[in-house]
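Next come two complexes, and both contain chain A; in the first it sits with chain B, in the second with chain C.
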Partner chain A sequence: MKPLITVSNLKMHYPIKKVDSFTKYDLLKAVDGISFDLFEGETLGLVGESGCGKSTTRKLLLNVEPPTGGEVFYNDENIFTMDRSSLKDYRRNVQTVYQDPYSSLNPKWKVLKLVSEPLIVHKIGSRKSREVKVRELLSLVGLREQYIDSFAHEFSGGQRQRICIARALALDPRVIIADEPVSALDVSIQAQVINLFKDLKERLNLTYLFISHDLNVVKHISDRVAVMYLGKIVETASCDDLFDNPKHPYTKALIKSIPVADPEEKTAVAALKGEIPSPIDPPPGCAFHTRCPEAMDRCREIIPEMFSISGDHQVSCHLYTGGNKTV
Partner chain B sequence: MPDLSLLKVNNLKIEFATDRSKILAVDGIDISLKRGKTLGLVGESGCGKSVTALAIMGLLPRHASISGEVFFKERDLLKLKNKDMAKIRGNQISMIFQEPMTSLNPVFNIEYQMAEVFKLHRGKSGKEVRPEIVDLLRTVGIPNPERRMKDFPHQLSGGMRQRVMIAIAMACEPDILIADEPTTALDVTIQAQILELMNELQRVHDTGLLMITHDLGVIAQVAEKVVVMYAGHIMEYSGVKEIFSDPLHPYTRGLLKTIPRISRKTKRLEEIKGTVPHMSNVPPGCRFHDRCSERLARCSKETPPVSQVNGRTVRCWLY
Partner chain C sequence: MNSEFKQVVRVYKRNKLAVVAFFIALILMILAVIGPYLAPYDPVEINLQLRFEPGFWEGSTDHFLGTDNLGRDIFSRILYGTGISLKVGYAVIAITAVIGLFIGLVSGYFGGVVDIVIMRFIDILLAFPPLLLALVIAATLGTGIEKAMLAIAIIYIPSLARIVRGSVLTVKEMPYVEASRAMGAGNIWIILGHVLPNVLTPVIVYLTLLLGDAILYTAALGFLGVGIDPTTPEWGAMLSSGKDFLILGKWWITVFPGIMIFLAVLSFNLFGDGLREAVDSKLRL
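And then the complex of A and B:
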């Protein structure tokens, strides 16, 4: 199967002024050479702790700013070099839902304008046909059509997130990049929105890149999962494989750290010591070696490459260098 | 009355007057906390969890009207003068807030902010307490405390700041520690570290811990008793094992079903329909009735009383 979007060795290094110098810069390696494929009709979960580069990846995929290295292919074209009209087509097909539904809706606009804005920007339809479309979208995301004349502040968090989803769907995109879409919502509302994402995917044949720090949510919604640490992808696998049979010590620790909602099962132990190192001056070798319980000498010197363990299970760790090398 | 409870809250009501209406944020709750034990307070946003904590600490703004009793060591905290309350607050009862980023003062270094606690409650001055500060920072797991205490809050990461907050809260070895969503702003691997640390400190000092969170996973791991709140009411109050293995209230049952779990993969998550009511507009009768899957005819008219089922407290017409 041909991937819909191919990300190849994508890098984003931000220059940060050095504290003690006027002219020298440090490089903050927010995304440091990641590669993955997004296949049509799948949900790829992207997990990692704060500062690991999840959101920067989103920004680059939406072509908000040019990366410092690497390519993203859509229809065999690099989105960073494609011409204006193909870029417009790309942007029509790749839409996004943000984390905070409170700050991503203009408080002065009514729902009609909020949801039809993408249609106006892309000059689609007449005023009348746009209103019809907005009504369709509202019922699609489970909101009553009467709400078309309401302002964003009249809605609760879950309803606002539904408006954001309706807006993302306005242009009939193929891919939705959702950046922590449920983490600002209450638990009982989270379930509603996650179910909505699942339903929409089936009805509209969408492809999701689902970015989240919450492994429970990611496990529930994803077909495949990629785990990021300090700007790099350390493991990718099918969802079941990753959770049943994690390979990378970081993935193992991450899964172990989640408090289990069962008092009989005291599992949440601090599996990792220490904190995430700064991406300005990441540790040499494997970036995880400073916290890794299984670190070896070569981890401190050599950066591990991606190895394929079985099928689509790939891991970047020196423990598994016996596998077949990929890329 | 011989009561082993360290803290006992009876029929606490908190009302806020706004320009348009009065909002009853907490409507008559009773909880008690024993030494060395952990009480979990769960609920969604706006259910009155944090307001309850602030009322116990005596930190609510003046326009809030509070009634009921909060007994701490046979004294009603609500009747104390500000001056007396200030002696208890931060000394015998302390609190950790959710946002470690905003609860430290950005213009003072860590040493100064920690010395403040000792100055206020122990009457000790700057230089005397330095070894104590270093000790405290070491117990909460901050490496190189002699150097780190000269740092300002912005130089520390979120997890480090929360450790400093815990160190400040534990400085006077309080009898009660109130933790309001202490790990919500942190990453999972850091969350596990902080929970372990709090557990350790609680064991050493025999502190009563009131843990407020919306994360049922955290509750399952740390609490012995759990209070489930919804729209200002206690819906269910019992031991942690009973809550998770045999939830009585439909709301508790719903909450447990809605959370996605690693250990169990289902096609669709169960949902609780509707949204959390706004406190200015609470439904009549049982506050949960419009979202409840098991509602009876009387649920929408009469508020269910608090009833006891096998030593467990629940507010529902089903019992």
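And then the complex of A and C:
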């Protein structure tokens, strides 16, 4: 199957001014060479700790910032070099939902304008037809049509997130990049919004890139999962495979850290020790070796390659290079 | 749009003080237009025999608010001055708002070299004492009330541009701006639709405080011999020319124009305050 979007060795290194120098810059490697495919109709979960580059990945995929390296292909064209009409087509087909439903809606606008903004920007329809479309979208995401004349601050967090989803759907996109879309919501509302995402996907044949730090949410919604650590993807696998049979020590630790709803059960191994290292000066070799319980000598020197274990299960860890080491 | 306007009016009406302020401002504006026709005397006619005549508090009916040090009728001067002072005040506000917003938006939104160049230039302007700067500009431009307005506006533009730029820097990082860009919106759409409406609140506050300053600076410029002709019946000029006679107990020369400035500034401030509340969607229910 041909992927809808192919990300190839994408890099974003931000220059950071050194404190003690006027001319020298450090590089903050927010995203450091990631590659993945997004297939039509799937939900790809992207997980990782805060600061691992998830949101930078979103920005790059939306082409609101040029990357410092790498490509993103859509219809065999690199989105960073494609011509205006192709880019317009890309923007039409790739929409986003953000983490904070409070700051992702302009407080001075009413719902009608908020949801129809993509239509206005793309000069689609007349005033009348846009209003009809907005009403349709509101009922699609489970909001009452009367809300069309209200401001965003009159809604609860969950309702605002529904408005954001309606806005994202206005152009009938193929892909939705959802950046932590439920992490700002109450748990009960989270379930509703996730179910809305699942429901919409089936009805509209959408493809999701679902960015989250919450493994339970990712497990619930994803078909495939990619795990990010310090600007790199360390493991990708189908959702079931990843949770049942994690390979990378980081993935293992993450999965162990998921709270279990059973007071009797003791977590056998403590979750990861230490903090995520600074992306300004990432550790040499495997970026994870500073916190890895199974770190070896070569982990400190050689950057591990992405290695395919079976089918679509890939991992970048020295434990598996050679393909014959089993755990 | 009509219902939008009605809603604004409805919220505005709740603030009684603002309603009073609105009517005072309205009366002042009407006076600005018809004042000259109501004035009983020529505002610049000098009559040295009638210097320092007190007004109604001593039973005078000829000169309702008394006469000044040159025997000019204060009541007539105030009526004539309404038009001039309000024109100066509102024009300064308008010029400052338009140019200040423009510079602040461009500088904050585009950033980079544009921002650095504009901000350094603004730093230069801010380094001068305001009155000195206005004096230099007015002296360079020559005399005339329009030139005085421009000179005064120029001393406020840098601070306003700074305020706007600061707010723009915050707003342009908001996710709704990124969302807009990601869906393919152009810079004009984002600036006018997202950034401008969300930076207006501090701008309105700043501008409402500017009216009184503008009137007084006009007087100061006139007093220093640039810009406005000091014999012009302008409130600020009347105030500053009368202050020397306060010590002689001739308070009315200063007090009446002072009251007018006070009313104009206060009504404008309260009006602006009420307006800000009424258009702020968050306070509306």
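Following the convention adopted for this analysis, the second predicted complex is superposed on the first by the 321 of 327 C-alpha atoms of A that agree within 3 Å, B and C clash if a C-alpha of one lies under 4 Å from a C-alpha of the other, contacts with A are read in each partner's own complex, and residues count from 1 in each chain.
Following the convention adopted for this analysis, a contact is a pair of C-beta atoms (placed from the backbone, for glycine too) under 8 Å apart; a residue touches a chain by one contact, two chains touch by 3 or more.
Here the structure is a predicted model, which is why all the values come from computation and not from measurement.
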Chain B and chain C placed together on chain A: clash or fit? fit
Could you say whether A:Ile194 touches chain B, chain C, both of them, or neither, answering first, second, both or neither? first
By the touch definition at the top of the document, which applies to A:Asp281: first (chain B), second (chain C), both, or neither? neither
Just to be sure I read the superposition right, which of the two partners does A:Ser156 touch: chain B = first, chain C = second, or both, or neither? first
**Message:** Quick check on the superposed pair: does A:Ala253 touch chain B, chain C, both, or neither? Answer first, second, both or neither.
**Reply:** first
| request: Classify the contacts of A:Asn216 with the two partner chains as first (chain B alone), second (chain C alone), both, or neither. | output: first
- request: Classify the contacts of A:Asp100 with the two partner chains as first (chain B alone), second (chain C alone), both, or neither.
  value: second
Pick one for A:Glu49: touches chain B only (first), chain C only (second), both, or neither.
first
Superposed, chain B and chain C have a smallest C-alpha gap in Å of 13
The shared contact residues of chain A with chain B and chain C are none
Touching chain A in the complex, chain C uses residues 174-176, 178-185, 189, 193-194, 197-198, 281-282, 284
Within their complex, chain B touches chain A through residues 44-45, 157-160, 187-193, 195-196, 214-221, 223, 240-241, 244-245, 254-256, 258-263, 265-266, 268-273, 275-276
Touching chain B in the complex, chain A uses residues 49-50, 156, 158-159, 186-192, 194-195, 198, 213, 215-217, 219-220, 240, 243, 253-273, 275-276
In their shared complex, chain C is touched by residues of chain A numbered 59, 62-64, 87-88, 91-92, 94-96, 98-100, 103-109, 117-118, 121-122, 151, 153, 167, 171
